[in-house]
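As written, the chain order gives the labels A, B, C and D, with residue 1 at the start of each chain.
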Amino acid sequence: MMDVSVYRIATSGPEDLRGLKELVDKGEINPEEIIAVLGKTEGNGNVNDFTRGYSTFVFRKYLAEVLGKSEEEIGKKIAFVMSGGTEGVMTPHVNIFTVKADAEGEESDKKSLAVSAGFTRDFLPEEFGTMAMVKEVKRVVLELIDKAGISAIEDVHFVQIKCPLLTSDRINDAQSRGKKVATEDTYLSMGYPRGASALGIGVALGEIEESSLSDEVILNDWSIYSNIASTSAGVELMNCEIIVMGNSTNSVSKFRIGHSVMKDAIDLEAVLEALRNSGLEFDSLPGPEDKKRIVNVFAKAEASPDGYVKKRRTTMLTDSDIHHTRYARAVVNAVIASVVDDPMVYVSGGSEHQGPAGGGPIAVIIRQKE
Amino acid sequence: MMDVSVYRIATSGPEDLRGLKELVDKGEINPEEIIAVLGKTEGNGNVNDFTRGYSTFVFRKYLAEVLGKSEEEIGKKIAFVMSGGTEGVMTPHVNIFTVKADAEGEESDKKSLAVSAGFTRDFLPEEFGTMAMVKEVKRVVLELIDKAGISAIEDVHFVQIKCPLLTSDRINDAQSRGKKVATEDTYLSMGYPRGASALGIGVALGEIEESSLSDEVILNDWSIYSNIASTSAGVELMNCEIIVMGNSTNSVSKFRIGHSVMKDAIDLEAVLEALRNSGLEFDSLPGPEDKKRIVNVFAKAEASPDGYVKKRRTTMLTDSDIHHTRYARAVVNAVIASVVDDPMVYVSGGSEHQGPAGGGPIAVIIRQKE
Amino acid sequence: MMDVSVYRIATSGPEDLRGLKELVDKGEINPEEIIAVLGKTEGNGNVNDFTRGYSTFVFRKYLAEVLGKSEEEIGKKIAFVMSGGTEGVMTPHVNIFTVKADAEGEESDKKSLAVSAGFTRDFLPEEFGTMAMVKEVKRVVLELIDKAGISAIEDVHFVQIKCPLLTSDRINDAQSRGKKVATEDTYLSMGYPRGASALGIGVALGEIEESSLSDEVILNDWSIYSNIASTSAGVELMNCEIIVMGNSTNSVSKFRIGHSVMKDAIDLEAVLEALRNSGLEFDSLPGPEDKKRIVNVFAKAEASPDGYVKKRRTTMLTDSDIHHTRYARAVVNAVIASVVDDPMVYVSGGSEHQGPAGGGPIAVIIRQKE
Amino acid sequence: MMDVSVYRIATSGPEDLRGLKELVDKGEINPEEIIAVLGKTEGNGNVNDFTRGYSTFVFRKYLAEVLGKSEEEIGKKIAFVMSGGTEGVMTPHVNIFTVKADAEGEESDKKSLAVSAGFTRDFLPEEFGTMAMVKEVKRVVLELIDKAGISAIEDVHFVQIKCPLLTSDRINDAQSRGKKVATEDTYLSMGYPRGASALGIGVALGEIEESSLSDEVILNDWSIYSNIASTSAGVELMNCEIIVMGNSTNSVSKFRIGHSVMKDAIDLEAVLEALRNSGLEFDSLPGPEDKKRIVNVFAKAEASPDGYVKKRRTTMLTDSDIHHTRYARAVVNAVIASVVDDPMVYVSGGSEHQGPAGGGPIAVIIRQKE
């Protein structure tokens, strides 16, 4: 049997290892069992957000030292998915996922948290946001579902991907080889890989027919989307790092995951639904005991492409001072934080093909009742 | 008897008069009865936010034309309180307050919405954010409570003030006369007048002892605050424009107001409490019929001075790219919008001495049941 | 003969009329002779820059009052080209152009400043940045060259255009009619009309073959450009307002104009060349007497599309906090200001098809020697 | 004799070591001789700029590996001064300073580049920007002048300091111990240590009487300043790292340094004067051969405290979207880049007590003629 644990650790900056070190030093976390580090770092979450790379660099170096391996080896063993942008009241933090492969316990009907992590090949700049990415992501996601021991597709509740983005240098590189990139605008170049990765997840999960997709559909037809995908772009990598989360009868984890889909950025009902789907039972709003059982909430946020929320005009898309992904994160985090009474929840921006236009998937991990 | 009405009108830009014009042309609003225009405009809400001045300019010009008066006369008759900053999903809009002095009806025990508006004298730059402002604001607020026919101090639920701020030119002006200003940082200069105005309200309402105040207390001792004050700074004026809102037996208004105080930016309970205080009756969350009765919610937002919310670190005060008032508005608006299912609610930033540190007053106007 | 004058007036804000009023009140400017107001206002120069609209609104209202006409009539008589963005040390100001049609004097070989202004028809959102715009701009520019009495194409030195941009509402409008817009990103939507307008100028001036153009060329083939065009987008209009400047033997103006083209944002040589082309004579750098004769410098600025300047990497295109047009204006203004010893020079951002990629036209108006 | 070299290396990001590695691998740089790394990294240059810490982390780790020492040892041996903010066209880069203590050659009258680097003790948050900092900086600067073998104070041309700044956590820490910090605004907290460090340099160099200073003078009396100081604040340290640069007869360096002082941000004359002071000889503007000899230019930039440049209003201090240090860097870099034809010059923002108000020191290192 597999045992899966999740540790949510507040950080005081992108380089802050103290929380993790303490848990490792106390023996609470066995670093050999770490398969993924999923963090929120305090950059702008956009192209020139170096807090993601900084944090990845620091965590990888530490784990290399503690495990006596090279940083390159660690990079191939552990997925580092740092998502930038802690706007509003969002607290910077990391989530450490550990998997103990041979835990004691017997298989039963009870489904508990199962997690696996892996990597695609490196992509060329001209492949970012194209079908090449969709297909490679699909391939790896299917492998990872299997690896996590999740037997039914409906038991997959969240697939998190970190994908690359275009910079001036990468665009120049592709163009020097006579290749066309998805867009020459570096900020917009975050959306294409996010969208393509999400579609790859949707295809893997059977939500989307692969035959309905083409390069032209990506970032164009918003009616096609995954309800499980959460993808985030960063300058610090050239491949996709993938974390699959679900429930499995193969797992003896103390934790459980559930999810729902926010229809817009202030969809309070969907937050409550996700909490219930994870296993919490409450009437109208979760009570203090329920809240204590919540380990973390993971959600995607974006400005609605038409600029409207509940048929009301917003200014997110016409504000040239602050990119709309920044506001979207602040808003969705605030709504969730107000319900769970804790601003340290994971919200990532830019939900192209992740949930309906203007909305996004939301997953919740809770501690199971003893 | 007095009859008071409120009209909430979405705008498509700071210069958009269409909604008001339509109501005036249809005879629904009698422009002679307008006493205050309270709007959210889509600038940055900070020093160089000219959307406030633009909107004020356009609305004043229109009302001057329609009432056959000079713009100067209109400026002395109607309070134009434009609050900048519609971050996140907040919908730009204006609230038009009308008062019909000699409405039919008889005084009863029933208390309904009563509103009055007025002006302080112009201040010198060196007076911004000092006791001179506290005292003059107190004087006018007391006059306005009387004018609104509000007999008990506990029936005052919201006092909105627009106050001035310092610019480079105003600082140079004061210094050329050998005077010291509260701060030489133009952005920080928004906080001092907001704080002093709020203290003036608190003194008028008996929440604060005037003797406990001095220039040194302003923006220093956060334990002193008003639970009713909402103040907002702008470059477009040199005096304070004040709107007092409460309930009165003298009013036959169809509306009613209530309030509460948010302890922090994600205080969902306080939002629910304010809704109940206004007269809505519901169990856990308001239902569709309750929401229909809500005319608008008015709240103040700020980053907690220590940077923490629910003992969690936030990055609002260390983000040098985006001022914390912008995030604070996005967060508080999102929390309220998620409850009332409508992003078009009024949230203004910078709640110095308005509610506890990191929190702020919240008021709700509802339509009374027939 | 035509007499043309230019007045450069510092402003203290978008609504500041004091400088113009003073000149009108003193009789120095005859408001009947004003044909164009060309200003730099202190907004972000991007989509949600309302300082342009505010300034236009205020100046139009004043001129309507002083000339006893409706604001609509003034809008058809006088071109108001407000360009947003006074980054770095750029001083906000307006340039007032006056034309006296029947001035005394006799035609000679001497060429002096000649200016004319006019308007295109309103465009539909789907026409922004397309050949429809190119053609209509060409038509009006040719009319205006004639109107200015400029007989040779090489005597045209600067053509300034204010063109519209897309907002969420305009995009939704086009889409609701089944039309496709040039881009759905509102910030990028400023570039398309700027580019199309510039190409229209280039065609009118014979710099560009109309047959070489198509919708696909616009914002794609940077090798096609005008050396005379300066275009600027704003939310406050739906048509193009055009000002043509050159020298003519028909003019007895005290002023003269010249120009050059900056190859990149720090092309000091081009600044010196433009000063010389206008008629200043100096060796290496202009001296104090030369500088006194300079009335204003008008330049376009942009980040090089490949992100490089003098083969050095810049971060303008990968900075997701601040749009590159803002930096470009700050840089070009600084270079010019350091030469002419005055930060109050006109620099406008986004020079698509205006000068070579990364560069832009630069024109200088000087007072002629008596 | 001492031999001093300077290597200016373009970087493709804060983590880019390729340029340095190449020079080390080729044997051009002996890593044992590196005493200081002085870089411009592409963050916002303000409080939440983590590119400085990231770059420091990466360079320190590399040098520790290559020199077979711990990172802590390297941190005590080599000064890492990373200055954030490459606004406008400024190219991110690092300057590597090497010193070979026992170089061949004989002392003569010829003065060549001499450099030394060192560290103050760690400061407590409440000491940032106070006389405690002034005195400790003075002490270390005097030691370093001696260490560099600079015999006359007028041969010191540039002293670069990296100093700490306040964060929410550091402010809370001081306050929890009952201590008062210089300011509770984290952005403003960058100025106090910069100012105090600069005054420490001025006292060490005899430009300023220590007796004229007090905590009250710091960031208050702008008439007191150093013409040699360049200080830069960062979140990544608690002490000051100091680099002293001058010329010495003890040095056989191929390089030489000179300096001047910019009176304002567009002071072209001062740029030319600094070039001449370093040893270049030219008439009006430097020619191609002169430019080739320039290794780097180091300058400080700030918005004038009164908001005016050449008696013209600028909007740098009233722009609440973008901090003035960002614009100041863009402007000063542009002016210098336009003269030396290269945007890869070092400009750091916030020149409190460094040069006159609104201006700042500027130093130039050139290759000496063979």
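Just so we're on the same page, contacts are C-beta pairs under 8 Å (C-beta built on N, C-alpha and C of every residue); 3 or more make two chains touch, one makes a residue touch a chain.
Here the structure is a predicted model, which is why all the values come from computation and not from measurement.
Chains touching both subunit B and subunit C: A, D.
The interface holding more C-beta pairs in contact, when A-C is weighed against A-B, is A-B. Rounded to whole angstrom, the centroid-to-centroid distance between subunit A and subunit C, based on C-alpha atoms, equals 46 Å. Distance between chain centres (mean CA atoms), subunit A to subunit B: 39 Å. Counting only residues that touch two or more partner chains, subunit A has 12, 42, 44, 48, 169, 313, 315, 318-319, 321.
Residue ranges on subunit D touching subunit C, taken from their complex, read 10, 12, 42, 44, 86-92, 265-268, 283-285, 309-310, 312-316, 318-319, 321-322, 326-327, 330-335, 337-339, 341-344.
Of all the residues in subunit A, the ones that touch subunit D in their complex are 12-15, 42-43, 48, 50-51, 53-54, 57-58, 61, 169, 235, 321.
Per the touch definition, subunit D reaches subunit B in the complex via residues 44, 46-49, 167-169, 171-172, 184-188, 305-308, 313, 315, 317-321, 323.
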